[in-house]
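Before we start, here is the structure in question, set down as structure tokens.
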Amino acid sequence: MPIITLTTDFGLQDAYVASLKAGLYQQLDQPTIVDVAHLIDPFHIGQAAYVVRSVYRDFPQGSIHFVGVDFNETPEQDLLVAELNEHFFVCADNGFLTLLEPELKPTQCVKLTLPQKVVQQKGIEAIAHLARGGALSLIGTPVQKLKQRTQHAPRVNPQKTEIQGHVLHIDRFGNVITNISKKLFIQTAQQRKFVIHARNHRFEQVFDAYHDAIRFDVPKEKREEAGKKLALFNQQGYLELAIYKGNPKYGGGASSLFGLAYLDPIRIAFISEA
Amino acid sequence: MPIITLTTDFGLQDAYVASLKAGLYQQLDQPTIVDVAHLIDPFHIGQAAYVVRSVYRDFPQGSIHFVGVDFNETPEQDLLVAELNEHFFVCADNGFLTLLEPELKPTQCVKLTLPQKVVQQKGIEAIAHLARGGALSLIGTPVQKLKQRTQHAPRVNPQKTEIQGHVLHIDRFGNVITNISKKLFIQTAQQRKFVIHARNHRFEQVFDAYHDAIRFDVPKEKREEAGKKLALFNQQGYLELAIYKGNPKYGGGASSLFGLAYLDPIRIAFISEA
Amino acid sequence: MPIITLTTDFGLQDAYVASLKAGLYQQLDQPTIVDVAHLIDPFHIGQAAYVVRSVYRDFPQGSIHFVGVDFNETPEQDLLVAELNEHFFVCADNGFLTLLEPELKPTQCVKLTLPQKVVQQKGIEAIAHLARGGALSLIGTPVQKLKQRTQHAPRVNPQKTEIQGHVLHIDRFGNVITNISKKLFIQTAQQRKFVIHARNHRFEQVFDAYHDAIRFDVPKEKREEAGKKLALFNQQGYLELAIYKGNPKYGGGASSLFGLAYLDPIRIAFISEA
């Protein structure tokens, strides 16, 4: 049976997640359920898209991903089941899918027409139906046009001397993840020197791993390891600003040290040799 | 094998929950364990009862619910195993069961007489015994009288012009859940108009779903959707005060906007037509 | 298949834990994965060692424990797989194993020589290899000398009139756990009277359970139960300072009431009869 993953803004203090799982256990025999995160900021579709995008491809193809963030049905918002990039998603038509994969269209997508009254029960039924290998056409009708939502994509100025992006996510370590991809950076840089500007902080180098910022050739007692600020391309291929072994609890996270918050601008200026 | 659910005040930063699970894995072959919540306020039996009550019926009959809140055995407090409403509960005789279902008596209830020295080990043994289908009489002796605890029930004044209740729970979204049930409301209201008073906030309408508060017939640009305060009867049938799509992190949760905390009074005044 | 436990500083707001689990599900058929804790302070090896030490023996022998705290491979730090005390550990050579069991040496220990590029992928491969019963020698080369890290052990003064220890951990309840073991206490005390000094608080008795501090022979209305400060030897055999039914949320946790933090000194003075 395919794996079912759960990403919600239900939190961990109430029984909301357990109620969802109870429903799945009622419907399925020994389902495999993996919690992705339940601490998505309430109704924050953009954050949910970032978190799901960073992990869904790690699961086997055919996995079912439930996105319980603004999972609500109203006269203006349907519930969806979509197959996208060989994975299934159960979510609302609130722009989530277009934020998840701006450049991909679902292979198939239906709006749920299940008779259940309670919205969560519809979600449970849809997941269980998919888990049993049921066809999408049996639980919904085709959707022609998804609600679009776009995050401000990073912008390259006409002279190609600058990339303007912004902060996309701040993780548990206080690391600042931007919306500037390695691909865009390399395309635009064309081997030129550059300076990354984040508030009044500057970075002139981008690493491929945290510890690449450490000068292991320098004797240890002369090194400034912990607390070293660095820019790197993370596992997901995005520019990240970090503090080597920073700990946000003790004021050592990148986001607080750099004074950066969600959506704050990040600018990369390229320097042409004279 | 029946599902085992865990509701505790053990928190998520220590290994207390894992230790409990380790014991269950030692005793049982491939048990199905579902976490309900581990962030119950320390020793807060009332909150545990609210959380468990909101979810236990969603699980299959015969499920085993461990309540690790004040789960301690003293000269004045026994450990219990009870069958109640077709579900099993392993908890302490601290009033939890009477708060969980004030109007139901257990079908059977024993106090544990297991020989293990450590209290958690007794809990694990009891859960495992139930999971294997063992009889309650083999691990304990019948309890005649449970320790009673009552939450202040909502009160209707003699003239039946008012219901006086209070805040029962504040959830992750900052929603304020009261102890006033839809049933009591309908009985008392007798179709009269009413005003709900919560501090200096007033509500003259109660909805059946969050989005029922939204005027979908009004053009979207003229609507005040997010941030709209509303009263509704929630899935569990209790009066809830909420902010449509409120986010407590950004000051938008109902409890902070209305200035309401656990046990604060909520009053419904009924207006007789002259 | 052996149980896999996860202890990390990955947090619960991102998809880092789910990514790890996804990898394990890709490699193994229906693995049993138990979360120990994912809220270890970032890079806090000492805390990870405390948390894992308090629970790993509760799992069946042969269990596999992944320690994702500072799990990084650098020119100066290898990744390890060790068999220690009949359990397997996948961790980094950053002193974790020597903090976990200062007095035990691994039965076998290799540094990983897997070809994967990404460090997390190496960890997943190593766990999966162990879970399939693979030999350590197939995925690494023997390690001669582990990186040593020692926590300040408690000290007994030459006159044997004092034990000097410190705070090792503060748990969810605000309980203060010290590095002074029951064994050391009994050896040193030799039945003498004593006073435990923690800041300006004094304890002249050590209990074996929280409720042993309560005088059940005194009528209930005359007792001061909740809020009673006490010292006890906890389940793990360490001296703990606690408040009976204390709740840190309402200012009632031991650590805040006693004004104690991680590494603060705790002193036991023994009093010789004149």
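Should a chain be cited, it is by its letter among A, B and C, assigned in written order, with residues numbered from 1 in that chain.
One rule holds for everything that comes next: a residue touches a chain if its C-beta (ideal position, glycine included) is under 8 Å from a C-beta of that chain, and two chains touch if they have at least 3 such contacts.
Predicted model, so just to flag it, every value in this text is computed and none were measured.
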{"item": "Arrangement of touching chains [line / ring / star / complete / other]", "value": "complete"}
{"item": "Angle of the C-alpha superposing rotation, chain B to chain C, to the nearest 5 degrees", "value": "120"}
{"item": "Separation of mean Cα positions, chain B and chain A [Å, integer]", "value": "33"}
{"item": "Multi-partner residues of chain A (at least 2 other chains)", "value": "12"}
{"item": "Chain B to chain A touching residues, read off their complex", "value": "3, 5, 7, 12, 32, 34-39, 51-52, 54-55, 58-60, 169, 171-173, 210-211, 214, 216, 220, 235, 245-249"}
{"item": "Residue ranges of chain A touching chain B (in the complex, touch as defined)", "value": "9-19, 21-23, 25-26, 30, 41-44, 70, 72, 74-76, 118, 120"}
